[in-house]
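Consider the two complexes below, in which chain A is the common component and chain B and chain C are the respective partners.
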Partner chain A sequence: MSSSLAGQAALPGARLRRQANLTRYLVGYLFILPAFIFFVVFKFGAVAYLIPLSLADWRLGSTTRAFVGVGNYRKLIVSPEFWNALSNTGIYTVAVGGLSIALGLVLALALRRAGRLQGLYQAVFFLPVAATMSAMAVVWRFIFDTNIGVLNALMRAAGMEPLSWLQDNRLAMAAVVLVGVWSNMGYTMVLFLAGLTTISRDLHEAAAIDGASAPRQFWSITWPLLSPVTLFVVVIMTLRSVQAFDSIKVLTDGGPLGATQVLSHLLYRVGFQYFDTGFASAISVVFFALLAGVTLLQMRAERLVHYQ
Partner chain B sequence: MSDRQVASSLRMIVLIIVSLFAASLPAAAQAVRITFVRLTSAAHDAYLDPMTAAFEKANPAVAVESIKVPTGGYEAIAARALLSAAAGTAPDVVQVGWHLTRTFVESGRAVALDAFMKADRAFANDSLLPAMLELGKVDGRYYLVPIGISTPAMFINEEAFLKAGLDPKIPPKTWAETRAAAERLKAAGFEGVLWGWSITGNWIFQTMLESAGGRMASDDGFTVTFNREPGVRVAEYLADLAANKLMPVTDQTVQLFSSGRLGMLIDSSFQRVNLPRASKFPVRMVSIPTPDGRPGRLPAGGNGVMVLSQDVTRLQAAWRFSRFVTEPPVSRIVGENSGYTPANQSVIAALRKQYATDANFQTQLTDASRVVPWHSWPGPNGARIAQILRDAQQAFLLGRKAPKAALDEAAAQVTPLLKP
Partner chain C sequence: MSAGVLHAFIIVMALLTLFPFLWMAGTSLKSPEEVFRPGVHLIPANVTWGNYGTALRKVPLWRFLLNGTIVAGGVLALQLLVIIPAAFAFARIEFPGRDLMFVLVLAALVVPGYVTSVPNFLLLSGLRLTNTYWALVLPFVGSAFGIFLLRQFFRQIPGEILDAALIDGCNTVRLLWNVLLPLVRPAIAAFAVFSVVTHWNDFFWPLIVIQSTHLYTPPAGIAYFADSDGGANWGAVMAASGIIITPLIIMFVAARRQFIESLAHVSLKG
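Coming up: the complex of A and B.
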């Protein structure tokens, strides 16, 4: 009896608290509502619209559209161009992502000891990130050009045989990876620098007193405590590398003979050069699913992350 | 034809009839604004900017909003225009390359201009070069009004020629002479000859093929023939040049030539104005060499304007703009400021007289009189086929595949894309 009375007395109090919470949160929800609507319409809406488009035979701008079911996906599965682009995307992502992360970390560790010049070096390494990639790629194209390129001019001056940087399959992939790393390592460096500032110096000092060497300090203190930043950097770099387009478009246009054609470039070519919007939408849907899958997998690695 | 296509055609016919009726009424005082999607670069702005300004001056009631597409060429323009059309904001006029005419027509967005051409007395049908007007025709109807045409031509670095002991006034006329000149240039430390294999996939290849007696496909367009004997001869000739380092395999044609390292470049006559400006040496433009030295067939490059307007008033203004590009003042602007040969015959005759001492201009005007259509593949896969042909050429030029094998593989890939 007494408990039921207490329960009845608690009810209005709980309701009031819920109402107060709702009012408090409502203001917050109202603040994010415009951005949320924008996001849903222009991001999720656009992605959702791809699905019906991928089920249609539709040429860009055409007044007619025919439903073809999974026809575009069937075409995709038997398309050697698609598998080649997928494989190139994997190679490019692993190479650019891996090298950018490794070099960004090395630069961040080195810059922490750079003293007063740290700001200057930081700006120099970060500059390619801020530059317009397509414009920078034009400059790189002239550096790599077989006949009038700076690189081959230097090689000729050194008595070496000039190389066809952008015409040879392997060299072309290496060239686009090099430009990709050049444009991304400043970005990872800044993120790692931010991560390093969160690690307390006390830990290093205590380890030093206990006689831990610099490599031991790195593997036992710095690296584990950088793991939250590393996870973030891996996710971001994977997305940036998979979506790379402008540098590849300008440097090689996916060539020679498809050697540097990645999924984003194939998507552009099919959609905006062949005007085959239905097929391009099918590529986009698969591309989106792959990216979402890879990102989810990476997020599951969060349990390996050490938070301070 | 599907119900939607029939409905779209009927809508277009009604629109044109209403526009023609409206055209007979006194001009409305209210200003009309039309959009014009076009190329932009120093070379293209040189004729497009004055052309648009001249139109606005002659038609004060019509304002032209130029939507400039800086990179990606004709394909980027087409993508921009078709995307806008899909979004319900189709531009009124689009600058279209000849090879993309069919793409627009098959999209159902292009307005057939036959009725305007017949009804509008101001349209100087008779004064236009018939061959050029025919280029804008698809399935018997006119869609593209020509701004100008370009033809494949050879550009000679006179300085390199003289250093190699060659006389630029006696240019190579045959393929064999071209190879011999390339050898001399190479011995003098220059790059020999660059046949512009990369230009829109197959333009130069088609020129060489047709000069050698071959054709891209059968008359109905559905049987591939570019891999027969004349095609193989072209491929073997080019592969031999590349293998012997007499031809650099690059798509940076203009940059390489203007750097002074290249002796001979086969590119578009559009470069007649651009190349000498970009180079620090005298440039001579001559007709493209052929297997036996006789004048060969010249597939027309270049562009025209196409109307996509969906509104009666704007359609009228768009037609007036399209008509204007063929009139003498604009034809003169195009002829003098670009390497395109304009459509108006009276202007061509005047330019021929006025520039009698300009050998490069004379070459351009003479070559323009013998153009043939650039091969247009039937169906929706023209751009994909152009890419296949470009890849095939790159494969044999880089020595990855034997010339015959590369062409046969390309033919096998193209054939299923041509299904009627």
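Coming up: the complex of A and C.
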């Protein structure tokens, strides 16, 4: 193509202009075509294929595939495993989300006043976000080890009884939450730091001159002005925690007896270890609906938050 | 709160954050007897490098790192090939149905990976592509997030630059390659860091589509080693974990700002 688009537009005649338009349309469609081929195959096609899959009784590798209607969904509703995974996902999300948001905010506020070392500290707290989670979860598994783990060594040194962190069904959830908070608090901290820089220092100076104490300044200035950022961090952390998989798979593999089995892990187990494709597809549909619900909730909440 | 208390708090939190890394490094340098000795001692009494040799003998760690490089590099290269023209078209070319198509991009953006895992596994296995690099690459080539991000940058380029290039007689492909790509390089760098970190670290998908150990990416490889050998040989497992996390940690230390920017701020929508 040697003729320029600008040159074509300048030529007289409706026919030529139409031709120039057609060329432009063609270029536009050609440019988006490769991306759409991948979307259609691996995103839209995949989601669409889930529906018939979820309505069939089919084990991977088996030759029979019977239509069972809503059978898999009925199975889901009465499955204690599903409700257990749903409740574990809720507990994990609230605990990891809540704690990493609180700690991230405290760290961000502290780092704002850390002076020249702020950059270094920021790198330290962000390090777990940059490190490969599955490898660090292996390290944590060693730290939690009942017999030679350093955590129990510390407990013994302090005169306490050692605990079976990952094998006790009450402690296992606390252990995976701890690792989740460790790996996320640097992330929320960075988001809060970015939010804090948008709040003018003049406001704090004016408040200080008027004699407002530091807590008073926080609750009257920082917290309300930070609310859009906070909402945003809540949404991001919810989506991240609901989809957590790596650390749980490595630390407990969903155990003991399902005590840490979350939805992503149940999907993995049912779909790719039991190969119950129909049931796994039904779980996927519900998982999708749940995440879509969180996104919708976010849009609703955004309108309620105080913007300034 | 006084400055002393503030710094003490930050330092305690920093040490707690770093502890797993320090414990991993310390243990990897201990002899097997010392690993099993009771008590808390971070620094090895006698530094030995034997665990690294053991780890490299027991599992193909270099192969895992090579696989990670091939997969993350392959995903990124194909993503850029597909998303750059699409992002440009959405930002700068007018054609019928463009806005509707863009809504579809946004729809693709919110579909989480878990949800498509069963059908995508069936598709790849039907094409006999499971247990190959292709299975680890193809599902991620169409990055809606990448299109979304680059489109923003293409829109910010002043119209005069485009007009000047068109008057010079550039065709669209040359215009994109010579004039626009250098201008959106920061956005491409930000996307590249995000994409490489995401796909290097991905654990769920290789676990599903790869059966042969020699095709494992680093996260799947280290988990496999820990499961097959863990209880007996923690020193070697810690050495292997250290080797596995090193490439990204080096990248992080070398380009700290870019990393934080890409993983936290840029990926907000991703």
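Everything below uses one rule, namely that the second predicted complex is superposed on the first by the 255 of 308 C-alpha atoms of A that agree within 3 Å, B and C clash if a C-alpha of one lies under 4 Å from a C-alpha of the other, contacts with A are read in each partner's own complex, and residues count from 1 in each chain.
We adopt the following convention: a residue touches a chain if its C-beta (ideal position, glycine included) is under 8 Å from a C-beta of that chain, and two chains touch if they have at least 3 such contacts.
Since the structure is predicted, the reported quantities are computational estimates derived from the model, not experimental observations.
Chemist: Counting only touches as set out at the top, which of chain B and chain C does A:246 meet: first, second, both, neither?
Modeler: second
Chemist: Of chain B and chain C, which one contacts the greater number of residues in chain A?
Modeler: On the superposition, C touches more of the residues of chain A.
Chemist: Using the touch definition from the top, say if A:272 reaches chain B (first), chain C (second), both or neither.
Modeler: both
Chemist: Applying the touch criterion given at the start, work out whether A:148 contacts chain B, chain C, both or neither, answering first, second, both or neither.
Modeler: So A:148 meets both chain B and chain C here.
Chemist: A:258 contacts which: chain B (first), chain C (second), both, neither?
Modeler: A:258 sits against chain B, while chain C stays out of touch.
Chemist: What is the contact status of A:121 with respect to chain B (first) and chain C (second): first, second, both, or neither?
Modeler: Only chain C; A:121 stays clear of chain B.
Chemist: Is A:186 touching the first partner chain B, the second partner chain C, both, or neither of them?
Modeler: Only chain C; A:186 stays clear of chain B.
Chemist: Classify the contacts of A:59 with the two partner chains as first (chain B alone), second (chain C alone), both, or neither.
Modeler: first
Chemist: Contact-wise, after the overlay, does A:295 reach chain B, chain C, both or neither (first, second, both, neither)?
Modeler: In the superposition, A:295 contacts chain C only.
Chemist: Which of the two partners, first being chain B and second being chain C, lies in contact with A:136: first, second, both, or neither?
Modeler: second
Chemist: Does any part of chain A touch chain B in one structure and chain C in the other, and if so which residues?
Modeler: On chain A, the residues that contact chain B in one structure and chain C in the other are 60, 141-142, 145, 148, 271-272.
Chemist: Which chain C residues qualify as touching chain A in the complex?
Modeler: 1, 3, 6-7, 9-10, 13-14, 16-18, 20-21, 23-24, 27, 35-36, 38-40, 81-83, 85-86, 88-90, 93-96, 98, 101, 104-105, 107-108, 110-112, 114-123, 138-139, 141-142, 144, 147, 163, 166-172, 197, 200-201, 203-204, 207-208, 218-220, 222-223, 226, 230, 234, 237-238, 241, 244-245, 248-249, 251-253, 256, 259-260, 263-265, 268
Chemist: Please name which positions on chain A make contact with chain B in the complex.
Modeler: Per the stated touch rule, the residues are 59-64, 66, 141-142, 145-148, 164, 167, 255-258, 269, 271-276.
Chemist: Spell out the residues on chain B that touch chain A in their complex, using ranges where they run on.
Modeler: 2, 4-5, 8, 72, 75-76, 78-79, 81-86, 103, 106-109, 191, 248-250, 252, 255-256, 259, 261-262, 380-381, 383-384, 387, 391, 394-395, 398, 400
Chemist: Could you please specify the touching residues of chain A with respect to chain C in the complex?
Modeler: For this pair, the touching residues of chain A are 1-7, 24-25, 27-32, 34-39, 41-47, 49-50, 53, 60, 103, 107, 110-111, 113-114, 119, 121-143, 145, 148, 150, 153-154, 156-157, 182, 185-187, 190-191, 194, 214, 232, 236, 243, 245-246, 249-250, 264, 267-268, 271-272, 277, 280-281, 284-285, 287-288, 291-292, 295.
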